[in-house]
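After this come two complexes, each holding chain A, first together with chain B and then together with chain C.
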Partner chain A sequence: MKEIQIHTLFGAALLSGIAGILLIGHGISIGIVFLWLPFLSAANSIRGMAMYGLGTGNASIGYWGTAVGATSAFVVSLSVSCRSTPLLYVAAVVAISLVIGLATGILADKVIRMRIPRIELNSAVIAMSTAMITAGSLLILGNDYGLYPFIYIIITLAVLHPYNASTGAGENQKRTLLLALVEACMTTLVIGIVAMLASRSSIPVSGDVAIVAASACGLVIAVVAWYRLVKSDIYEIRWTGYPPAEH
Partner chain B sequence: MASTSLLLGTALAGFLAFLAGIFEDSESNAGSASNPNSQVQLAPQIGNRHRYFNKAISGEPPANALWATTAATIAYLLTAHFGGDAFAVLIASIIGAASSTLLLCAYGALSHISRIASMKNFEQALYWDSLLTPLPLDAAYGFLTALILTLLAFAAHGLLGNPFSVPLIALFFGITIGAIGSSTGDIYYGAERLYQCYIFGSGIPISVQGDIDVKGEYGYRNSVDTPYFTIRFGGLVTGLAFGMLIFLDAWSRLFTFAGVWTSVIVVSALVLVILIFIYLLEVYTRKRYGRYAED
Partner chain C sequence: MIDPVTATIMIIAGGVLVGVCVHFIPASATGAMAAATGIATGPSMLSAGAGLAGIYAAAYSIDSGLAPVIISGAVGSALMLLITILCGNIVLAFGIGAPPVSGQTASGKSTFGGTKDIITGFEQEGYRSPGTDGHGMPFQTVVSGTIGALMGGAGGALVFYAVYSMTLPAISTENAVALAGIVAAGVFLINSVLPAYVLVGKTEGMFDMKIRSMHRTFISCLVTSSIVACVIYAISWLAVSGVVA
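Right, the complex of A and B next:
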């Protein structure tokens, strides 16, 4: 089966992420669904790096990449003038995360000599994708600094987990990316619920309800599609039983 | 003279941290997380098809950081909205921990199914009951861990006067407890329990990796048996390590009788004493038992 290239997926994720942030910036919270593609793109790049024998390094790459991306978005969101103009905000987030992501990738390759093929490209892709997701989430959740750790860690797990969960000889890109979609929907669902609490109004804001509803629909569709693939890939599914005796 | 809230905070933090350690280690063992995860993953490749629940979420530190931070964030927002006396904090923490437990169940089930789907070549089947039986147990331990870490974060913020926000303290606690659980507690499960067919304490040479025990006291081993076994030692040791860390760290806020620098001196002396004790213990152990003999 032909795999989707990093460039193709990232190109789509970049356009989709920018559209998502601009929509959210103009008060249309449902634009968060456009952030699902950046989740896929980041998970794909983590897969690209971790495939080269980085079993336990998978989590570290997710940590690192999201740290770069989320930090870039947090830094940009500190500037009020930047935050109030969606176009400037998204441009600054993308530019800063590109520079820091590339720089860390080059340092890892040239100075630490990690010898992972295309580490610069993948590092930049993870940083930019997670930066866009963080920037979108920040616009939805508001400027409460108490929520930053939550935003960081929930995005980290959603992007590092799909490949980590699917690792094995029978892993394939399609199933890993579908799992990434499942987890992207799950993450935006939780962000929607937290946004309801963070809005501090007694009745949930309609935008937050829309996020939860759209994410829940997406989650159901993604789980069904993913489970269909699991059924075609798996050796056998049984309710109970003993493995065949080997020795 | 230390104030009552500081004394109460130190005692409470140490106690809560001890409990959190026990629950965290049991949670990770019920789901074969962290190091045992690789061992269980390798097993079918050398013909040991199993009925373990293999919850590959990530390393223990990020996973626990997520459960604790989600619980603490929800509790933090609820208390900010409805007021934050002790009772409200408890109720809010329970709601937060319950929400993060749902996330844990989702991640756990997705991981187990995905990993087994990638094991087709090695004829490992997915047995629903070997996922659905340990999952509630894992969720229960996960709930208790998230709840106690959230309460601990509130205690550190409120009683001990930690300047950081509650979710950020919970993130630190989650990462720390995950690191301690995977370094202290996992040895007992990943290197000993799974390898009971080898001599105790012999470590896991590359040549035997994946050759785990798949059969238990009766029938095939399952992941409900694991915490039942590890809670007797691994869980308590993890609790002791995390509990001591939090308890002794709280001393830095307690001993300020002659200025702020007193606490720095007290804690530095404490670290020195611990280092000397560990050094002497290792020297004694090496003299007493010698090098590990090959066969």
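Right, the complex of A and C next:
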């Protein structure tokens, strides 16, 4: 089966992420569903890097990528209000994460000589995707500095885990991305619940409830689709009782 | 408090220290199966863990000035790493009966040559289980790890204090501490993963030949930290000057 290219998925994620942030910025909290694509894009790029046998684990690359993206979003929030000028905020966040992500990828390729194909592109994509997700989360949760570590960790886990869980014999892009969608829904669900509980949340409770409802619906649909795909993928193994020869 | 330009230089220096420290901390994922010398996890994750412990320790002395913050960070980080090494050695020695042995030293490939622990003089050859690259953390790797953790903790604390100083005029003290903590953790994670590419998932610290590739880590972390530091400086300056969009 033909795989989705990195730039195609990221192009869609970029447009979707910006649309989502603008919607949330204008008080339409349901726009968070548009942030699911950046999750997929980040998970796909982690897969793109980790499948070549990194000198580090999937976890490290997830932590690193989110560190670039989230740190950019956190630092920019100091000067540019994510609430009053969401477009300027997202532009600044994406630009800064692009520069840091690309620079790190080029250094890993040229100085450290990793020789992983498209490492610089994947680094930049992970950084920008996670930056957009962080920016969206900050818009919902408000500038509550105490929640920054929570935002960082929850996004990290959602982007690093799909490939880590799916890796091994028979891993394919479709199943990994579907698992990324499951985790994206799960993450926005938790963000919605925390926004309801947080005292400094910047959107009304009805908006938080809408996020929780949309994420819960998405989660159910994604889990069912993912479970069906897992069953379909393991059909040969279930049938024979032995791993297929081509795996 | 320190001026913003000095703080920017401190962020760069801290980032480089964080990157270099990973070369000194003995870690290997296969250490979990007692198949290689070092703590049983990836070098970058272990260094990040030690660094975060250092940042937590540094945060407690934030009001006491730069020197106590750096010392707290370094000691907190080293303490975390030494406790991890001690527990790892106890589990390996008494749980599965594998003595701490340096695989590189046992095979005569350590930085200083020979088959003996460079500090204690204990013979390593003959204690290594067949088919493994050593197991546990012998004394020389503990010393190397401690040096690495002290460097990493000090680097993390430098970044923490620098970001705190830069952001304090724009936001309240508790918010500045929270923001500085997460930004310092971010800088730590960015810089600690880069050396992992050089180390290829395993190192025995300064007694491993991979220490000779440290210049690559140094250059990479210097460039990355410089970009990050310039971004933090520019945004803090905008915030402090009141140019808030």
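Assume the second predicted complex is superposed on the first by the 221 of 247 C-alpha atoms of A that agree within 3 Å, B and C clash if a C-alpha of one lies under 4 Å from a C-alpha of the other, contacts with A are read in each partner's own complex, and residues count from 1 in each chain.
Convention: a contact is a pair of C-beta atoms (placed from the backbone, for glycine too) under 8 Å apart; a residue touches a chain by one contact, two chains touch by 3 or more.
As the structure is a prediction and not an experimental result, all values here were calculated from the model.
With both structures placed on the common chain, the touch criterion links A:H161 to chain B but leaves chain C unconnected. When the two structures are aligned on the shared chain, A:F10 is found in touch with neither chain B nor chain C. In the superposed model, A:G170 lies in contact with chain B only, and not with chain C. Once the two complexes are laid over each other on the shared chain, residue contacts for A:A198 go to chain B alone; chain C is not touched.
Once chain A of one complex is fitted onto chain A of the other, the partner contacts of A:Y235 are limited to chain B, with no touch recorded for chain C. Between chain B and chain C, it is B that contacts the larger number of residues in chain A. In the superposed model, A:W36 lies in contact with neither chain B nor chain C. By the touch criterion stated above, A:Y63 is placed in contact with chain B and with chain C alike. In the superposition on chain A, A:S72 makes contact with chain C only, while chain B stays out of contact range. Contacts of A:L179 after superposition on the shared chain: chain B is touched, whereas chain C is not.
The interface of chain A with chain B overlaps its interface with chain C at residues 55-56, 59-60, 63, 145-146, 148-149, 152. Those residues of chain C whose C-beta lies close enough to touch chain A in the complex are 29, 42-45, 48, 167, 170-171, 174-175, 178-179, 181-183, 185-190, 193-194, 196-201, 216-217, 219-220, 223-224, 227-228, 231-232, 235-236, 238-239, 243-245. Chain contact summary for the complex, chain A toward chain C: residues 54-57, 59-61, 63-64, 66-68, 70-72, 74-76, 78-81, 84-85, 88-89, 96, 99-100, 103-104, 107-108, 111-114, 145-146, 148-149, 152. Considering their complex, residues 55-56, 58-60, 62-63, 145-150, 152-154, 156-157, 160-161, 164-171, 175, 179, 182-183, 186, 190, 193-194, 197-198, 200, 227, 229-230, 233-244, 246-247 of chain A touch chain B.
Residues 38, 41, 45, 47-51, 56-59, 61-63, 65-66, 69-70, 73-74, 76-78, 80-81, 99, 103, 106-107, 110-111, 113-130, 165-168, 170-171, 174, 214, 219-220 of chain B are the ones that touch chain A when the two sit in their complex.
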